[in-house]
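For reference, the structure discussed in these notes is given below.
The letters A, B, C, D and E name the chains in turn, as written, and every chain counts its residues from 1.
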Amino acid sequence: MSNVKKRKLIDKGFHILVFLTTLFGLLILSILLFDILKDGLKWINIEFFTNFTSRFAEKAGIRAPLFGSIWIITITMIFAFPIGVGSALYLEEYSDDKKILTKIIKLNISNLAGVPSIVFGILGLGIFVNFLGFGRSILSGALTLTLLILPIIIVSSQEAIKSVPKELRHGAYALGATKWQVVKGVVLPYSLPGILTGSILAIARALGETAPLIIIGAVTFIAFIPESIFDKFTTLPMQVYNWSTMPQTEFHDLAAGAIIILLILLLGANAVAIILRNKYQNRIK
Amino acid sequence: MNIKIDVKNLDFFYGDFKALNNINIEIEENKVTAFIGPSGCGKSTFIRTMNRMNDLIDGTKHVGEIIYEGKNIYSSEVDVVELRTKVGMVFQKPNPFPKSIYENIVFGPKRNGIKKKAELDRIVETSLKDAALWEEVKDRLDSSAWSLSGGQQQRLCIARALAMKPDVLLMDEPTSALDPVATSKIEELIGELKDKYTIVIVTHSMQQAGRISDNTAFFLMGKLIEYGETSKIFSNPEDKRTEDYITGRFG
Amino acid sequence: MYAIQEKSKKINRNKIKKRNVKERCIKIILFLLASISILTTIGIVIILSRETISFLREVSIIEFLTGTEWTALFANPKFGVLPLVMGTLMIAVYGSFIAIPIGLGSAIYLSEYASEKTRKIVKPLLEILSGIPSIVYGYFALTFITPLLQKVIPDINIFNALSASVAVGIMIIPMISSLSEDAMKAVPNEIRQGAYALGATKFEVSIKIVVPAALSSIISSFVLAISRAIGETMIVSLAAGSTPKLTLNPLESVQTMTSFIVQVASGDVTHGSLIYKTIFAVGMLLFLITLIMNIIARMIIKKYREEY
Amino acid sequence: ETEGEEKSNDTKKSEELSGSIEIDGSSTVYPITMAVAEEFQIGHEDTEVTVGVSGTGGGMKRFTIGETNISNASREIKEEEAEIAEENGIEFTRLTVALDGISVVVNSNNDWADDITVEELKKIWEPNSSVKKWSDINSNWPEEEIKLYGPGTDSGTFDYFTEAIVGESGATRTDFTASEDDNVLVQGVAGDEYALGYFGYAYYEENKDKLKALSIDGVEPTPENIGSEKYTPLARPIFIYVNNDHYKNKSQVKEFVDYYLNNGKSIVPSTGYVALTEERYEEELNKLKELGTK
Amino acid sequence: MNIKIDVKNLDFFYGDFKALNNINIEIEENKVTAFIGPSGCGKSTFIRTMNRMNDLIDGTKHVGEIIYEGKNIYSSEVDVVELRTKVGMVFQKPNPFPKSIYENIVFGPKRNGIKKKAELDRIVETSLKDAALWEEVKDRLDSSAWSLSGGQQQRLCIARALAMKPDVLLMDEPTSALDPVATSKIEELIGELKDKYTIVIVTHSMQQAGRISDNTAFFLMGKLIEYGETSKIFSNPEDKRTEDYITGRFG
């Protein structure tokens, strides 16, 4: 009997522990958000969105980087999502696990996740800017970020696909479904929540990167809005970084203002994924 | 009397484990063939070779031939996807897709290119009626198939297979999760279906085998011990082991 | 009659053929998509190794790999990479000490303990943590974590690896919590119920059944998260300074391999000079280190994988 | 790809200017160039000025192959870079556009030191320095360990300081705490009573309440002293490099550079840097005049 | 005649759907009680309330009481973990853990603090023997439970429950996936167990209910229609609906 008591106690303790770990994350988040909001909120007004950057904090705005970030994240996801999910599908559904090539691809992908982002920048400069001649444009930036976040999407999609129960696949195969029909009809819907989680994390990463973009030539001062994927651009995190290295403290607060917008943009970009994820996860339960 | 499926010298392996040992059997067209035998004897393994579901398990291999429509189903001439649309299957454990009831049924037909809503609706209704599930779910075709009871799920899986209008229907203990009323409906259905289809059914219930099957095959430890007309097998088995098994008091 | 049958057979053949061609195409397309990653790696290896070889012509590999002083940008440069490696390992290891227990704890809480409603709200909230720009974490470490640490450990350096590790750890929590949570959610409910029916507590179901069943995905999430920790630069250069130092003491200022790379790549040195080449050599070494880490992780996953 | 179509604009009036001006390079120079660009764009709406921050090295790499019109540089061009420029037939002019006074700062609680000599600085910062405590510099100062802070080793400030104080670029003791971000150095010195550090004037200027700047050989780092270059040897010039060919053939580049030097006096102070004297700006403009008449 | 579990005015809801409607029943100690009724009538739902397994489903609620050992199992006095160690359960779908066969069996005992290898080995052997699985798996206790056949998996789950030595054993169609031989062994086992344990079993097989149970309860659409001694229910049911169901030809 004392055994049960002990186990219940462990369970209680564990419950509290994992609750606290979750709370820890939320607590840090609220501290960070509070800090950012405290400094940044007062700067957010119409001009903040309509002005370009300036050496005077009162006149500085985020028009160019806001549009730049929206462009970049949209194009990046347009490339990264299908490539990432497609790769994961190939690896989990189509490839032969015993083949050495498959093993190499799998190892290689999780290894890519550890390559510093700046190296992707150097790669992007070589391939997209110079070799393919896309110039120092949104397209080059987005493609570079695509390569950077692919491992996140691929690995998390792979894990999600792996978790689809065998019986479900078998049920579909037994109905004379082809592999692709099984994938489309059963595997993808079941694994979608996990795939979306990967995408959410990937979006967060892509939206916050600066180093590789600097390498491929994203500028910091730009007083016009990009109109096509071949235009020059700047992004919110670059503006944030630039402002926070300024000596004047008003710029640090301005940076906080830009971060607020960045986070709103992030939540907006994630909202679709989060809603879809919840919907599909419900179904699976 | 036509032979629909002709199995010749079939061995089957899970890795090194030989689950089927030199099986020879002829499945007759428009008949119900029942497989009986103790748990683990290889009934599921065998029924799954007939539409090559075992291809999906890593490390399996076979020796021998299964002739269907004049061709060895393992030969390169035969397209496995096509094979499975003709040789349908219902599993031992219900395995509905995590989709709505409606989507579960139309999964197969849609793959086969049927797009019209009206036709799909009709297929859903007839299949569910055939599987004796229509009354229970007709008002909630859009709710998740996973919220059904175990027996309902199994009937849904049967309906799903019927929606494909298969040529041969393999059923691995389709009624083991069903109550008598639903079982009776399925059994009636099998009786009706056999005019058009060839049916192979794995069952634990001697009574069921006796009631619905024309031929019965008795398996033991991966071997086919005896095969023949059900009446013969049940009344006058040749093999002592068959007799022992059948005269067990239980079922 | 016979002819009609023949004809329909033929149509059928065509259909099958068409379908098989489609299936083939899909497979090829997917393979091509997957090979983009291979090409990326090949590109990276080419870029890195070309300059690395040229670097190693000027600096002996022995000195590079075993030297204990890294003063690449000083007047008499020494190219012993160990201080950078140590800095990197320290950030990654201490960062993981924070992120793994907290991330996994949160994942277990969200998957096994929290109500559906809580889960739906908290999970995306935690995910914001990985979207906050790292510069914010850098300043957070410097102006919040470090002063806090100074209260406990008075002689801690104002720039220190510990503070940076904590911030890096926090940033990567969502990678672990979200991906692991997904994996645990995918463990079939029947399995859980089997354990509950044996009188297992939630703790036991979580730790003995759910976590082992999802282990391979959980380890993958660790690898992704640690990879991001290794790649992080901004937090480290803000909170840990930029002082390459061969130390295991988290209270001191360090520099990591990636923050060195960024420092030089976006700094004032001449491109093409020996110093500029160091970033490729360091990048190459980092590539190899993460490769080894991944091979080990793969071995672990293989060993503990539970199929369901 | 920035060339072409603009050729005809040569001598047109500024209102009709269009085309792009590409500038890249040091993040140290960025605030000044950006400020000029900001002002310049008012009234020149059709020109597209972009300023990047790839670092002096990264900027030079692009500049020496003719990709950019102007390169921001926190140091002089290196020999290797000049060679590449020559190979590519790129001729250029170096212009000094502003000055930065590298400030030597201590904690505001430091009540012993107000002035320091170049000699003393050298003694502190030279490689293998024997200075461990404040008292090692001046026996009147406390016997406390001196904590040194300096900018990242890949910065123009670092190069300039070591050159000016120790005599060789990059020659310095290695056991100081370095940071890439001057704001972070401010934090470091402000939080450490026995600290001594150096960084750009603007960062001192903005944090006077937390820090104390030492005078060097009796000269304080004030805008006047820096601008007149009395603050030796730590008044450090800030450069831009202009592609001669672009200056000559692209009216928007010429217009921009002239604007830069003509309005430097009024714009530079708002960026935290110190403007040159009128005469110095004249001198720089003259370098271009020669170019124009050539 | 002791009452082991006393159910009073029990309603049970999945969200808004009322799956059980005012159930009143007394489960007798050391007896086998069988629940019968058509698919979807709520048998599984009811048996799962008795060890509060339904707590695990979101959005469920109950009204009424289930008294076990003098306490309402839903009251705060009763610890659900302890309740479940005493009231064991075997499910309709086999659900082994994705671990080795050995680990599956010792999972419960280990939780209960049994650490000694020798004792655990002994428990594994006796439980597997009791569940009629020992012979088939004794040489591969370390292989994954998921590589067993459907019936083997179900017997493993029974063995797993028996390893806990429960006080009450709830079985939701435990033999629906078993062949006659294994079924007979389990039924024999149930006969032996009832001296020490109280057993509640859901079954589709009238024959099985008739053979092994002392009392039988008949459910229909969430209601308890009739409850009494099995012999009485089978020979002379009071309710017309019970009679209709029982005299169905099937089973």
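FYI, a contact is a pair of C-beta atoms (placed from the backbone, for glycine too) under 8 Å apart; a residue touches a chain by one contact, two chains touch by 3 or more.
Since the structure is predicted, the reported quantities are computational estimates derived from the model, not experimental observations.
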Checklist entry - Going by the stated contact rule, which chains contact chain B and chain D alike? => result A, C
Checklist entry - What chains, if any, are shared contacts of chain A and chain C? => result B, D, E
Checklist entry - If you average the Cα atoms per chain, which one ends up farthest from chain B? => result D
Next on the checklist: Which two chains have the greatest number of C-beta pairs in contact?
Outcome noted: A-C
Item to check | Whole-Å separation of chain centres (CA-atom averages), chain C against chain D | outcome: 37
Item to check | Separation of mean Cα positions, chain E and chain D [Å, integer] | outcome: 81
Next on the checklist: Averaging over Cα atoms per chain, report the distance between chain B and chain C in Å.
Outcome noted: 47
Checklist outcome for this item: Two or more other chains are touched by the chain A residues 7-8, 11, 165, 178, 214-215, 244, 284-285
Item to check | In chain E, residues with contacts to at least two other chains | outcome: 58, 81-82, 85, 93, 111-112
Checklist outcome for this item: Shared-interface residues of chain C (touching two or more other chains) are 19, 188-189, 201, 204, 265-266, 308
Checklist outcome for this item: Chains touch in the following pairs A-B, A-C, A-D, A-E, B-C, B-E, C-D, C-E
Next on the checklist: List the residues on chain A that touch chain D in their complex, please.
Outcome noted: 52-56, 135, 214-215, 217-224, 232, 242, 244-249, 252
Next on the checklist: Can you tell me which positions in chain E touch chain C when the two form their complex?
Outcome noted: 51, 53, 56, 58, 81-86, 88-89, 91, 93, 95-99, 107-108, 111-112, 144, 146, 157, 160-161, 164
Item to check | For the chain C and chain B complex, residues of the former touching the latter | outcome: 12, 16, 19-20
Item to check | Residue numbers on chain A that touch chain B, as the complex places them | outcome: 97, 165-178, 181, 185-186, 189-190, 283-285
Item to check | Complex interface listing, chain C residues touching chain D | outcome: 69, 71-77, 142-143, 157-159, 237-238, 241-243, 253, 263-273, 276
